[in-house]
Each structure stands twice: as structure tokens, then as C-alpha cells.
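Next come two complexes, and both contain subunit A; in the first it sits with subunit B, in the second with subunit C.
Entry: the complex of A and B
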């Protein structure tokens, strides 16, 4: 089936001959010498790249600015296209490490599809936190996003962290959402973690989406263990990885070079100090700190161990899908906890504006369950 | 070592006074939260480095040419005679 989309890239995804600056002055003017895998695959599916949108510098968490959060350019792009002339849906390929795009998507009546880690190649994505980076799809049409994902997903030898499957079928264009006799529906077991939802002032609109369809969804009670540590673990691991990944920006090989230097040492320091933004500097310094000898075991290694506990505590034998809010307090660092599970455990999710904002998370490579849930909800 | 400017120096960053103050304040805020990690007993656990259930394997030992010298140098802020250009590093 032909898929028509206006497809944009965040500027952290490389398109040959176009600037890819990852939102940073230190990569200003860096012209991609090759196409990212997702660009190649989009092209192979006859989907052209309509343009690029800017991104928070290296997708770091923005917490140094106390001003009200501005709309992120990816969301702004889709909203603008929606208000224009009727045409194909808009989608933006994003690396939404801390959930800012997903949170804003729900607030602006948009959708986000986060694929399982290891199913979409990151070749050509300027890395931030490599063990958690994942290209997802912000869109005004979630069905189209699933169709696009079938075009993008599949093993690529150039990304060293991928599952072996060369293609994925999410149950689109099939009756897989029905029982084998084709007459009924297997209810989706949906877990609402009580310890998370208790923090939301009014969750009735979200839960009503599902309780109104008892033959389609079985509501299961559960707790999301270690939720109180999600944001810390996400921050510690990501700042360490971002710190390492941004060490390559030295004013020598690509991007910005300070005009103010005499020695090679000056060149390194002045190029990085002049070009990196405040949140990137905070992240890099925190990365250096958690990786320092005195902090490595109590912070970095401990965070990796708790990441194991978080991943292993999610028990998909008791439920099919976990439902979480997309927003609680509005404070970016606290909110990142809601979007940490997908990053830390490599799980797929869909973010919906329905019910005031909800995200559904499935086991790895079970996007088909998310598609089934969406098929039921959109009716 | 606990001084923000010392960690910044390791990362080849020179901070202004206002940057130092703001980053120090945010670092203190973040570290207060990090303290909660100590409440979890992980003594019997191995760190989780990757979420993939499959093992990474090496590709065939065959040379490939991704980008030409010209392609790579084209991304450099300064180049000379086919090389990245840097200031004099030896007196």
C-alpha cells in the first residue's frame, strides 16, 4: 500500500548534502556526507524528506532555563501543517530521549510512536545516549506512523545494537486483532500502575477510554517498581553516555572552530566552551562526575544495576500493555520519569492525546499489541 | 574532587562565573536526588549495559569504504593539503 506523508527530520538525523547540527552551534555548518539509514529506507519507500526541524542540543534535558517551556520545533511543525491546506499527514523522525516531544505531542493533539530499541537503525543519527537513543515518529496520524515504521524497521549491519529480524509486521492490514474464528476480539490486558496514577490529580478521563470497552480491555492492577528512581537512573546513564559521545567535538574534525586560540589546548577549550550550550555543558560535566573514579560505583554502576531491576520488574506475563500518563507536574526532570521506562528497558510505546494524554507501553517487539489497542481506541 | 570547574576542565570546558554558579546549583539539585539510589541493595546484581537480549556479533572481516578522504575533510573547519589542519603542537 502506498504511503503518502510529509516527512521531516530532526536535525540530529543526517541527510546527505544537508546540515545536521543536532541543535548545537558546535555542529553548525556540518553538512552530512551520507544519508541516515532511515532516510535511505524512506527514499526506498518513495517517501521524500520534506525538510528538517531543529532539536534541543544533543537531545539533552533542558533544566537550566526557568522560563516556561517553549513548544518544541517538531511539534510546532506538525501543528503548523495541520492548520494549513488539507494534504497528507505530517510526520517527524525524532530522538526523544527524555520524553519532551512525547509530552508535548499529547498536549497538542498529536501522536508519537516509539519503536522497540534495536528495531530501527540509528546509522546516521548523531548519537546522544547510545544505549537509549531510538528514532521515533511524531505525527498527526498514528495509523500512518505504524505504516511508516514497517518501512523503516529491520536489521541494519551498520547499527551494532539491533535484533536480527529484517522486517516487522505489526498486524497492519490483517485481522490479527480478531480471534482465530474471526468473530471476536481477545481483550488486551492493560496495566494501570497504581503508584504512578495516584500522582495524577484526575485520571478518570484516561481510564474511561478503556473501562468503557470491557470486552476489548481487561484492566489489571500493578505497581511500577522503582518508579521513584526512574528519572535519576535515566539522567545518570544518559549524561555519562552524552559526555562520552560529545567528546568528539573538539574543533578539529567537524563543526565549529573558535577563532580564538594559540595552542591546540586553547582550540579544544575555546571551541567547546563557545559553542556548547548551558544544558549541554551541565550534562557533560555531570557525565564526567558520575564516571569519575570516586562516583563510578555508587552512581554510574549502581544506576546500571537498578536499570536491570527496572527492566526485570516489568512483568509482561501478567499484562500485555502498561498505561502511563504523559504528564504529571510539568517540571521537565520529574516528567522524564514517565518516559524513562521505554528508554531504560528498550520498550515500544504509543503516545496519545486522548483522555488528556496517555502512553501505552508494550514488551519489546510487540508493537502489534499497541497497534491493536489503537485500532480499538480510534473506532 | 568535587569542584565543578575541575570536572569542566577534564571535559575541555572553561566556564564563566555565571555558568559555574548555575551549573553548580543544578548539579547540587540533581545529586540530592541521586542519593536515593543507595537505598537499593544491588550487591548481587550485574550492571545492565544493553537491553538487547541478543548478543552482538562481529561482521565479516572485509574492508569497506564508507567515505572518501575528500568527504571526511569536507566536514572539517580547516584543512590543508589533504589533512585536518591544527595549530602547531610541538615547539
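Entry: the complex of A and C
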């Protein structure tokens, strides 16, 4: 079936001949020398790129701004298209490291599909935190997003961190999944981690979505272990990786070079000082600190260990899907914890506006369960 | 007081892969500046690193020939520093789980045999090259070398003399070049080393202050640098002339001394951390066996085979197995002319003297072995004589001529008309009556002179053996 979409790219995704600046002055005027894998695959599926939308500098966490959070350009784009003439749904390919796009998506009645780490090639994605970077889909139509993902996902030899499967269909084409009354399906075991939901003032709207359909969902109780450490682990590891990945912006071969230098040291310091934003600088300094010899063991290595514990603690033999809220307090750093599990454990998720905002997280490469859940919910 | 010099070596060897370690650019030496560059190895964002499997295989081969313990799951780390020859701002290397550890290499010096133990071998990427233009005062960067795969072989501080260091480097070169791991050419920079050196009182178990001489790429310079640096340490310890500090030094070959690299290089925190974009590489027993089965013959095995079943002399076999390239020429030529003794004589005699006359090392000889074999065959069958054969070898080596075609074109073949040869012999004998008389008086030596005269008349195009027989026949008829 032909898929019609208005497809946009965040500025961190390469599109040959177009500027790809990852939201940074340091990459102003940097023209993509090639197409990202997702661009190649989109065009192979006859989906044109409708345009590009700007992005927070290297997708870093915005924490220096005291102002109320502004709407991100990706969300703004989809909202604008929705209010315009009727036509195909809009989708934006994003790298939503800290969950900002997902939080806002739910608040603006939009959807987000985050694929399993290692299923969509990052060839052509300007890296932020390589072990967590993941191209996801912000959209007004989640069913179309799943369709799009079947076109984008699959092994690419040019990305060294991918699963071997060359294609995925998420059960979209399987007849049983089109079966709306659920015969032949055991209910999806859905876990509401009590330690997380307890923080939410009123979660009844969310749970009601599922308890109304007892033959389709089994509500399972569980605890999300280490949840109180999620944001720190995410922050420590991502800062380190972003710090390292931005070393390349040194003013030598490409990107911004300060006119003010007499020595190579000046050239580095001034180019980076003049062209990187405050949040990016803070992230880089934090990352350098975390990786410094004296901090490596107590901070970086410790965070790596906890990351492993977090992964191991998510036990998909007791449940199929974990349900988490998309927002709690509205404070970005605190809320990044809600979106840390997908980043730290490389898990797929869907974010829905229904019930005031909910995200469903499945085991790696089990997007089919998310699709099934969505098929039930959308009716 | 007696002092003991203690040294450890870090040897960098370029892996003989077709392509770079994390992208598909060519890793070949000698291209024009920035010819072998893509966005990835130029440090641009957006191309994830992908490990070159062949580089890992060559690393496994290096582990096997150095009796090292191969790491089951090896991984890569990132080493952060800023320098214009490093476009990504980090070097991908191995710190936490290198490809192998605990190896050993047996060396032999005039003092006898000794085992040098290895701490580890790891794989890493090379950096680019800075070219300073003094005329314009600018510095240009050549990225051809960035991300070319290297292994670093780190020994324990087992060396006591420069002799041992040289023997070790030669042994490593033999082991690694025969295993196909690297061509180990010091002059092209595909093998270079850092020497860690300290001096202590003989008998002490404490190590002295250690200095590191970086980036040495000639055996001669290494020996001189070790002599200089160990003497500097001894002087400092015995006279208190200076206080030794742990530091990195460089060797100035013109001045014949080492000098300190002051400043940053001695105090950098490289902020190593595991490379998050590359999956750890599992090296299972099956993979190791597959590499082992494809390991080419080692120099030692080849030597044993040459002196054993081929019946060649130890002297000749040592020359051939002293160079991977000569060994390859030997093997390849044998495929076309399967007489080891003859082939060895041609290589160790004619070929090396020709190549040496051109100031080329045995590692750089590049010859069409099939033509070389045909040439040997032509001399063997008396189609041409050995003198002309040697002249033709020069042309095969340098111009790549086809021996048969060249012989036909220039009429260099031996005179096969026996009547004509007899005529030349008769002339020679008639022209040199005094020599003939000497022979009749019992002087055998004049035979050689007479053969020479005939060869000259034949413009060298005769088989000296046949001419010799002819002269003997003619002379004995005079009795």
C-alpha cells in the first residue's frame, strides 16, 4: 500500500545539498555531503522530504532557560500542518534524546514512535549521544508512523550498532492484528509501575483507557527499579558522549572558525566559545568533568553499571508493555527521567496524548506489541 | 658502581588491510595528499564508525604468532585530545579490553636466547599528517593516514641491552610480515616504536625513573638513542649532574641526543572511555581457528623446510627467510620453475646484487616471478648463457621485458651451430700458439684463457661449458 506523508527532517539529519547544522552556530553553513539512510529509504518508498525543522543544539537538555518552555519547532510544524488544509498526515524525523519532543507531543495531541535502538540506521544523523541516539517519528497519525517505520527500519552496514534483521513488519500486515474484536489474542499484560505513577496527582484517566477493555489488557503491578536514578544516569552518560562527539567541531576542517586567533590553542578555544550555545557548553563541560581521570570511576563507570542494572531490572517476562506518564511536574530535567528508559535500555515506545499523555514501552524489537495496543486504543 | 638498563618497547605496526579501520577508504601508502578521505575519516559528523573485520583478523593473527591470550570480547575505547591531525578530536583505540594479552616472543642475540614477554597488543587508528610550509608559514593537513589501522605491541620491561631490542624488532618484523599482519616497513612508517628506558643499580629490584623516547623508525637510530639515553641516566645517577624526571623525549638524529618534549604531552588527561558507537567484538574459537588455518608459513617453518626437504644450505635459507618479500619471490618463482637450488642461487646471487646495486632493500624488490622463472629456465637449457642471463634479469626487473621475445629480437641466443663454434675454436687456437704450447707443457690453466677468447669471438653468445669441452677436445687431440 502506498504511504502518503508530509515528511520533515530535524536539522540533525543529513540531506544531501542541504544545510545540516544540528541547531548549532558551529555548523552554520555545513552542507550535508550525503543523504542519511532514512532519507535514502524514504525516497525509495516514494516519500519526498517536505522540509527541515530546527532542533535544540545537538539535542542537549535545555536547563539554563528560566522562561517557560517554548514549543519545539518539530511539534510546531505538525501542529501548523494540522491546522492547514486537509491532506496527508505530517511526520517529523527526530532525535529526541531527553524526551522534550515526546512530552510536548502528548500535550499537543500528537504522537511519537520511538523504534528499538539498533533497528533504524543512524548513518547521516549528526551524533549527540551515540549509545542512545535514535531516529524517531513525531506525527499526527500513529498508524502512518508505523507504516513509515517499516520502510525505514532494517540493517545498514554503515551503522556498526544494528541488529541483523533486514526488515520489520510489526505485524501490520498480519491478518490477526486487523482483527478488531481480539479473538485469538491473549490480552497484553500492561505494567503500571506504582513508584512512578504515585508521583502523578491523578492517573485515573490513563488507567481508564485500559481497564475499560479487560479482555484486551491485563493490568499488572510492578515497580520500576532505580527510577530515582534514571535522570542522573542519563545525564552523566549523555553529557560524556555529547562532549566526545562535539570534539570534532574544532574550527579546523569544517564548520565555524573564529577569526580571532594567533595560535592553534586560540583557534580551538575561540571558535568553540563563540559558536556553541550555553546549554551545549554546560553539557560539554559536564561531560569532560565526568570523564576526567579522577571522576571516571565514581561517576562514569558507576553510571554505566547502573545503566546495566536498569536494563536487567526491566523484566519483560512478567509483563509485555510498561506504561509511563509523559509528564509529571513540567520541569525538564526531572521529566527526562520518564523518557530515560527508552534511551538507556534502547527500548521502543509510543507516546500518546490519550488519557492526558501516556507512553507505552515494549521490549527491544517488540514494536508489534505497541502496534497491537494502538490498534485497540484507536478504535 | 654497576648499573643495569631496563627497557620496554611499544611497537606500532600498520595492519595490512585494504581499507581503513572504520571507513571504506583505501589504506594504501603513497597516495596524493587527501586522496584517501571520506566524510568519516575527515571527522565530519553523521557517519558512524564500522569496524573493519579484516583488521580484527590481522590482530588475531598477530596474537597467534606472539603466543598471546586472545580476549573473548574485545572492545574499542575513545581517547580524547585536540590536535589538527586528529579531525574527530578523539582516537579510537583499545584500553579496557585489548585484542590480546600476555604474549611472548623468543629472541636470539650473541648472548643467547631469551623470552621477551608482552603485556598486550591493541588495535587503534592512526592520525593524519601535518605538513608545514615554511615559505608561507602555513600548516596543511593530509588526512590519508587518519583511521589507518595500527596495532600497538606493548612489551614488559624485559630488555637489558640495545642488542636485545634490535633482535626483538627483527623477530617481530619476521613474525608479523610472514603472518601477513603488516609489511613492517620502517622507512614508510608502517613499523615504529617508543622505547621506555630506566636505569637502576645492578641487582636492585626497584625500577628507576623512566623516560620514553617516542616515534623511532630506524634500527640504527634506536641503538644510538638507547646508548645516549642510558648514558644520560647513568651520568645523572652517578654524578647527580641532573635530576631525572618521568617524561616523554624525542631523538634528534642530527645532534645525536634526546630532548624533552616539554609541556602538555606529559600531562594530558585523555579522558578514555568505552566507545559507545561500536559494539564489542566477540572472538570465538571458530574464528580463531579460521585465522590460524589461513596463517601463511612462518619464517622458522620455511627455514626448516628449505634446509630439510629442499636440501638447501642454512646460509641461503637464512637470506631468503630474512625477508618476507624474498620468500614470496622464492615461492612464486618455484611455482614456474620447480628447482629450489637454482632459484635460490639466482635470488641470492644475481637478483640481490642487481637490486642492491640500485640501493634497494630486499623488501622492495618487485619482479614478475613468472618471467624470472622463464629466464632461469632459458639459462638452464643453455638457450642463453649465465652472463647474458644476468643482463636480461636487469631488464626483467627494471623494464619488465619478456625474456624470449627480447632474446629473439636481439639475437642473444647461444650459438647452436657446432660447425661454427669449431671454426671459432680453431681460429682461437691458431692465434694463440704460445698458450697452446704452454698447455702441451702441462699448464692446464690456459684452457680458461682460450675459452675466454672463443667466447669473445662468439660475442658471449655461447655456452661456456660447451666451449670448454670443445677446447679440451681440441687440445687433447694435439697430444
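The rule is short, and it goes like this: the second predicted complex is superposed on the first by the 370 of 379 C-alpha atoms of A that agree within 3 Å, B and C clash if a C-alpha of one lies under 4 Å from a C-alpha of the other, contacts with A are read in each partner's own complex, and residues count from 1 in each chain.
Here is the rule we go by: contacts are C-beta pairs under 8 Å (C-beta built on N, C-alpha and C of every residue); 3 or more make two chains touch, one makes a residue touch a chain.
As the structure is a prediction and not an experimental result, all values here were calculated from the model.
A:161 in the overlay: touching subunit B, subunit C, both, or neither? Say first, second, both or neither.
Both: A:161 reaches subunit B and subunit C.
Name the contact category of A:38: first (subunit B only), second (subunit C only), both, or neither.
Neither subunit B nor subunit C is touched by A:38.
In the superposed arrangement, does A:346 touch subunit B (first), subunit C (second), both or neither?
first
Which partner chains sit in contact with A:281 here, subunit B, subunit C, both or neither? Use first/second/both/neither.
first
Would you check which partner chain A:263 touches, where first means subunit B only, second means subunit C only, and both and neither mean what they say?
So A:263 only meets subunit B here.
Looking at A:14, would you say it contacts subunit B, subunit C, both, or neither? Reply first, second, both or neither.
A:14 contacts subunit C only, not subunit B.
Please determine whether it is subunit B or subunit C that touches the greater number of subunit A residues.
Greater contact footprint in residues on subunit A: B.
With the two structures laid over each other on chain A, which partner does A:236 touch: subunit B (first), subunit C (second), both, or neither?
Only subunit B; A:236 stays clear of subunit C.
When the two structures are overlaid on chain A, which partner does A:131 contact: first (subunit B), second (subunit C), both, or neither?
both
For A:244, using the defined touch cut-off, is the partner it touches subunit B, subunit C, both, or neither? Pick first, second, both or neither.
Second partner only, subunit C.
Which subunit A residues come up in both lists, the one for subunit B and the one for subunit C?
In subunit A, residues 33-34, 131, 157, 160-161, 247, 250, 252-254, 264, 268, 288, 292, 304 are touched by subunit B and also by subunit C.
Of all residues in subunit B, which touch subunit A in the complex?
Counting only subunit B, the residues touching subunit A are 1, 4, 7-8, 10-15, 19, 22-23, 26-27, 30, 33-34, 36-38, 40, 42, 45-54, 56, 59, 66-67, 71-72, 74-78, 84, 86-87, 89.
For subunit A, which residues count as touching subunit B in their complex?
So the residues of subunit A in touch with subunit B come to 30-31, 33-34, 63-64, 117-118, 131, 157, 160-164, 226, 228-229, 231-233, 235-236, 243, 247, 250-257, 261-264, 266-270, 272-273, 276, 278, 281-282, 284-289, 292, 294, 298-299, 301-309, 311, 333, 344-346, 364.
In their complex, what parts of subunit A are in touch with subunit C?
14, 20, 22, 27, 32-34, 36, 122-127, 129-131, 157-161, 240-241, 244-245, 247-248, 250, 252-254, 264, 268, 288, 291-293, 296, 300, 304
So in the complex, which bits of subunit C are touching subunit A?
Residues 22, 39, 42-51, 78, 80, 82, 84, 87-90, 141, 269, 271-274, 276-279.
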